[in-house]
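In the two assemblies presented below, subunit A is common to both, partnered first by subunit B and then by subunit C.
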Partner chain A sequence: MSTLKMSPKRITFFIPALILILVFVVYPIVATIFLSFNINPIPGVNIVERPPGLENYVKIVSDKRFINPEGIKTLSFPMGAIVHNIIWIAIHLPLTLIIGILFAVFLQYVKGGSIIRSFIFLGMVIPMIVGGLLIQFSFDKDLGVVNLLLRIFGLGFLAKSWTIYPDTALFSLILGSVWLWSGFTVTMYSAGLSSLPREVIEAAIVDGADFKTILFKIIIPMLKPVTLTVVAMTILWDLKIFDIVYASTQGGPGGASTVLALLMYEYFARLGDYAMSATVATILTIIVIPVVILWIRSIMKGEKE
Partner chain B sequence: MASAPTTSKIVFLIVGLIIGLIIGYGIGYATIAPQQVTVTTTTTVTSQATVTATATPAEKVKLIVIGPWAGAEMEAFQQVLNKFMEEHPNIEVEYRIYRAEDLASIAPPQFEAGMAPGDVIFSAWGWWVKEMGEKGHLLDLSGLVNTDEFVSGIFDPVKSGDKIYGLPFTAWAKPGFWYRKSFFQAHGLQEPKSWDEFLQLLDKIKGISGIEAPIVTGDSVGWPISDVTEHFIITFGGIDMQLKLIKGELKFNDPQVKEVFEKYLVPLIKEGYFSEPIEWTKAIEEWWNGKYALYFMGTWLTGMVDDPNDLGFFPLPGCKGVVMGTDYIFVPKYTKHPEEAKLLAKWLATEGQRVHVGTHAGKFATWLKVGVEDHWAPMQVVYEKLSKMKPVPDLDDSVGGDWQKLFWDQLKLLWVDPDKLDEVLNTLTENFPKE
Partner chain C sequence: MKKAFKLRKPGLLGSPFKILILNFIAWIVGVLWITPFIGIFMTSIRPFREVVIYGWWAFAPFTFTLKNYIDALFNPMFSLGKGILNSFIIAIPSTLIPVSIAALTAYGFARFSLPVKKYLFATILFLMAVPQQMTIIPIFFLLRNLHLLNTYLGLILIHSSWGIPWITFFLRNYFSLLPVELEEAARVDGATDFQVFRKVVLPLALPGLISASVLQFAWVWNDFFFALMLIFDPNKMVVTQMLPRLKGQYQVDWGLLSSGSVIAMLAPLLIYALFNRYYMRGFRGWAMKR
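Showing the complex of A and B:
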């Protein structure tokens, strides 16, 4: 593959987009980082009046809402927003991957699969704030469909209003978000499956391979690029989750379901402490960067191959 | 195959970055207003005489009023606005709903940007109104009304120096446990006269078929639970305890305070006399339909039930204080119609109260020129009963800030996990505002 020569003529076509990106993406990021160190990004405009330094980072790290060592030690909620986000990824990611691939494969061979797929995709088109309210109702002790199903399957002892208890609030949000995000993974895998060469699978069938072998030895490996994209997008989504939590539990009870984005919002909107909010945003960005870098590297590696 | 970036590409990117930063700086500099505290001068009358109302504008003006009321409460308030529009035909008023907690999040960034979500805004949080006023976002309303014509002390939460940033509207009270008289009659129940009788009442109710729990717990962001808690504090700790907690003179993990929780409130939660927290308007419906017997709620409840004449209430035996508060009216500095907005604010604080207390809003007047006879009949009964009790400020509304949200959140935790009492009280103490 040859590289396009960057002649001045070609460069000029990049300039408008580059300016927009620099002004509306790069500049705000740089300004936010400055603010997190108590440096006013615009001289003369005193957004923060504390002296420049690492004070905000020290404050955040010692804030129990960010990380709660006692909660981590005793394995009881709240454990701190950053830990809650990690738990979110640890549960949400594998579940949505498994549901995504299984449903995508299953719906390929089922009549009316495209209609079922569109129902699954409903979770993606619902505004997340509405999604948060739906989660709250779904886990309600009396009205909730989840508790109804638990009772049907003989697990009635688990039936309660999950969102109001500290030990179940976060899990109810995570399970609800699996439903909301599965539409994306199913769609991605469905698109990936439809682009797979049929001959490979047919040849495997002719050779006597069973469904399990085809799934694990052929389909999943061939869907690796899709999986990488789904993993990266899901982790990013899990790290910036906000609206579901805000609408459903507001991070409670007792901070048991608070997440980084909600903490950032509280500093910004409730306390008006823009510098602290910028600090949380910067920390979130630092966590996100490795994920993005790995993802881009894997895509570029795939293109090389 | 991709090649490493050339030197010219790197230079190009660096130059582009610098250009972008300069452009961004320029946009920020041009659009963000300099940080100056501007004081809006309004006409202030130093005497206490009521200022004559501004004449109705010659041209039609539209004002946006923001309040927290929805449903039946909104219908009641709309009657007030309709009356205003009748008397001021050139002013159209549109009502929009924002909960107090949402307004507290949305309004400050808008104010910083020199905008306001409405022209006349209501908030029950006097501390927040005062804070916004001190930051220079609100008009000074001193001189607009005669403060001597209002309930004593009602302006204190919204006053800063000689400036008044809010005008009081109608007041509410949180008087005790509401019940349906028909339910009590049907089951031979009576209002308790002592703590032991209260416990016996709860036991008896618990044994009634169809009852899920004797007392329903309302939920929202947490204020219904904090209301119940304050009632216990006032009853068993006294009005003094409430006032000292507000001022920070008494800590939440003080043994006296802990005793109120440990001896009275937490045992009731552990015994299952309180339900799980349920969304507070849904709780009204379920309580009214007999799933629960008692509901601790504010006087606005009278306007939210089918038959207010079937309502009765009792405070905890021995309680001498009742939490009362008011909604404050304020006018953002960024309104496009300051004179009309002040006219509306003044009217709402005075004659508007007379209209409001006559509706099914379940409120009392704070303007002393409104008599008991102007109040809606069921509220007259409530008024008589409450006149024997001393008004007390709401604890979390008085402290305000981030601590208020923490207070609500911690009490929600206590309700579902009463064994965490020590942790809750310590958290509230450690995070109490220092000043």
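Showing the complex of A and C:
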């Protein structure tokens, strides 16, 4: 493809985007980092209450809502926002990957498979605030489909409002997030599957390979680029999770289902401690960065080809 | 044209009976998957008392009512009718502005040589992935200083800026796949860059522009966090922001909340249904390289 030489006139193509991004995205990111070290980066307001330094980071580590050693020791909730986020990834990521691959492959055999696929995709279409309410609704003692199923299978004695107890609140939300997010993995894997070279698989079939071999030895390895994207996106989504929790449990009961983004919001809105809020945001971003780099690398590699 | 990959091969998965079982299970799972949607809809069109006693799945008795919808749309504190209107007021400009601006930038990326193109591109990708939380505190005070806090314009500016990186990324990929011959011909005829862009490139790229607009609109409509942080006036709140406020203090009023949920998700669902092809193309482009 031909590339055109840069000229002063051509720079104007970039100016509007550059201004908006610098003012409303890049500057705020840098300012948040400064703020987390108690250095006020915003002219005209005084929102820093402590001397410059690492104090906020020391403070946050000893905040029970961030990490709660007692809860971790006794394996009871709350364990702290950062632990909850890690648990979220540990459960959500493998489940959603498995569902993604299984549905993408097996729906090829199902009549009306594309209808089922779009059913599953609905979770991606709706506002996550509604998603959170639907999760709470589905786990409700009287109205929820989860408890209805339990009763049908004779496990009615287990029926309860799962989201209002500390032991089960976080797990309910995580399972709900699998339900909402699987539309993403199924769609990505289905797209990946349809772009595989069919010759390789047809050759394997001719050679007499069975279904299991084809799935584990050919399809899954060939889908590795898709898996990389899906894993990165899922981890990012799990770390940033906010709406679902805000709508259903508000992080409760007693902080048993709180997450980093919600803690950041609490510092901001309820406590008005902007520097601490910025500290939580910065920590969240630092955790996100390795995943982002991995993702950027994979895209840049694809660019070269 | 390479044929799309299809695994379907008689015998590979076993007997036709096994495939029948698979079909059966898949459909059960598929229906279970949308049961929460069915449940919330059934709850929304019946008196809440009836649903609590018999369950939304019971059909005797069945009383149809629109009371929940009327209560939600004309709620005295948080009127979802007003919320829908506000969501449109925010989401339409927050789609048109970044798509126009990002289209220019994306064209530049696709066609002009830039000294540090690779790094700029990586920066755009980075900005696509940064958490909203990382920007919101300075944005809050920046808008306050500009007297744009708690205004439509403030939120529109933020959504527009936030949308530019991903739309640029998406459209750049789209533009670089377009044939350059027409553009070259126009240049030979003496057209300026901007004329080429407007008269030749944009019409060719229309499907891509629609995809980007559809996804950006849905994204802004569905957003909760920016609105929560930047709008406080109940008269200016968007629909996603009002919805959690309809929850009662002590007991959750699912009658009100179910109709509210249906109202809030109607626009994105319609967009998904009406622009399905564009939606899916944009969706994949949002996450993948091509």
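Simple rule for what comes next: the second predicted complex is superposed on the first by the 265 of 305 C-alpha atoms of A that agree within 3 Å, B and C clash if a C-alpha of one lies under 4 Å from a C-alpha of the other, contacts with A are read in each partner's own complex, and residues count from 1 in each chain.
One rule holds for everything that comes next: contacts are C-beta pairs under 8 Å (C-beta built on N, C-alpha and C of every residue); 3 or more make two chains touch, one makes a residue touch a chain.
Source: prediction; values computed, not measured.
In the superposition on chain A, contact is made by A:G44 with both subunit B and subunit C. In the superposed pair of complexes, A:R270 makes contact with subunit B only, with no contact to subunit C.
Which of subunit B and subunit C touches more residues of subunit A is settled by the count: it is C.
Of the two partner chains placed by the overlay, neither subunit B nor subunit C lies in contact with A:A204.
When the two complexes are overlaid on their common chain A, residue A:L228 makes contact with neither subunit B nor subunit C. Contacts of A:I296 after superposition: subunit C is touched, whereas subunit B is not reached.
Once chain A of one complex is fitted onto chain A of the other, the partner contacts of A:V23 extend to both subunit B and subunit C.
Of the two partner chains placed around the shared chain by superposition, subunit C is the only one that A:S138 touches, whereas subunit B remains out of contact.
In the superposition on chain A, contact of A:I91 is made with neither subunit B nor subunit C. In the superposition on chain A, A:I220 makes contact with neither subunit B nor subunit C. In the superposition on chain A, the residues of subunit A contacting both subunit B and subunit C are 1, 3, 6, 18, 21, 23, 26-28, 31, 41-42, 44-45, 265, 268-269, 300.
Remark: subunit A residues 1-6, 9-10, 13-14, 16-18, 20-21, 23-29, 31-32, 35, 41-45, 47, 105-113, 115-116, 119-120, 122, 124-130, 133-138, 140, 142-145, 148, 179, 184, 187-188, 191, 193-198, 201, 205, 210-211, 214, 219, 226, 229, 233, 236, 239-240, 242-243, 246-247, 261, 264-265, 268-269, 274, 277-278, 280-282, 284-285, 288, 291-292, 295-296, 299-300, 302-303 touch subunit C in the complex.
Across the complex, subunit A is touched by residues 2-9, 12-14, 19, 22-23, 26-27, 29-37, 39-40, 43, 51-52, 55-57, 101-102, 104-105, 107-108, 111-115, 118, 121-122, 125-127, 129-139, 141-142, 144-145, 157-158, 160-162, 164-165, 168, 176, 180, 184, 193, 197, 218, 221-225, 228-229, 240, 243-244, 252, 254, 257-258, 261, 264-265, 268-269, 272, 280, 283-284, 287-290 of subunit C. Within the complex formed with subunit B, the subunit A residues making contact are 1, 3, 6, 11, 15, 18-19, 21-23, 26-28, 30-31, 41-42, 44-46, 141, 160-161, 164-166, 250-256, 265-266, 268-272, 300, 304.
Across the interface of their complex, subunit A is touched by residues 1-3, 6, 8-9, 12, 16-17, 19-21, 23-25, 27-29, 32, 34-35, 104-106, 108-109, 219, 221-222, 276-277, 401-402, 405, 409-410, 412-413, 416-417, 420, 424, 427 of subunit B.
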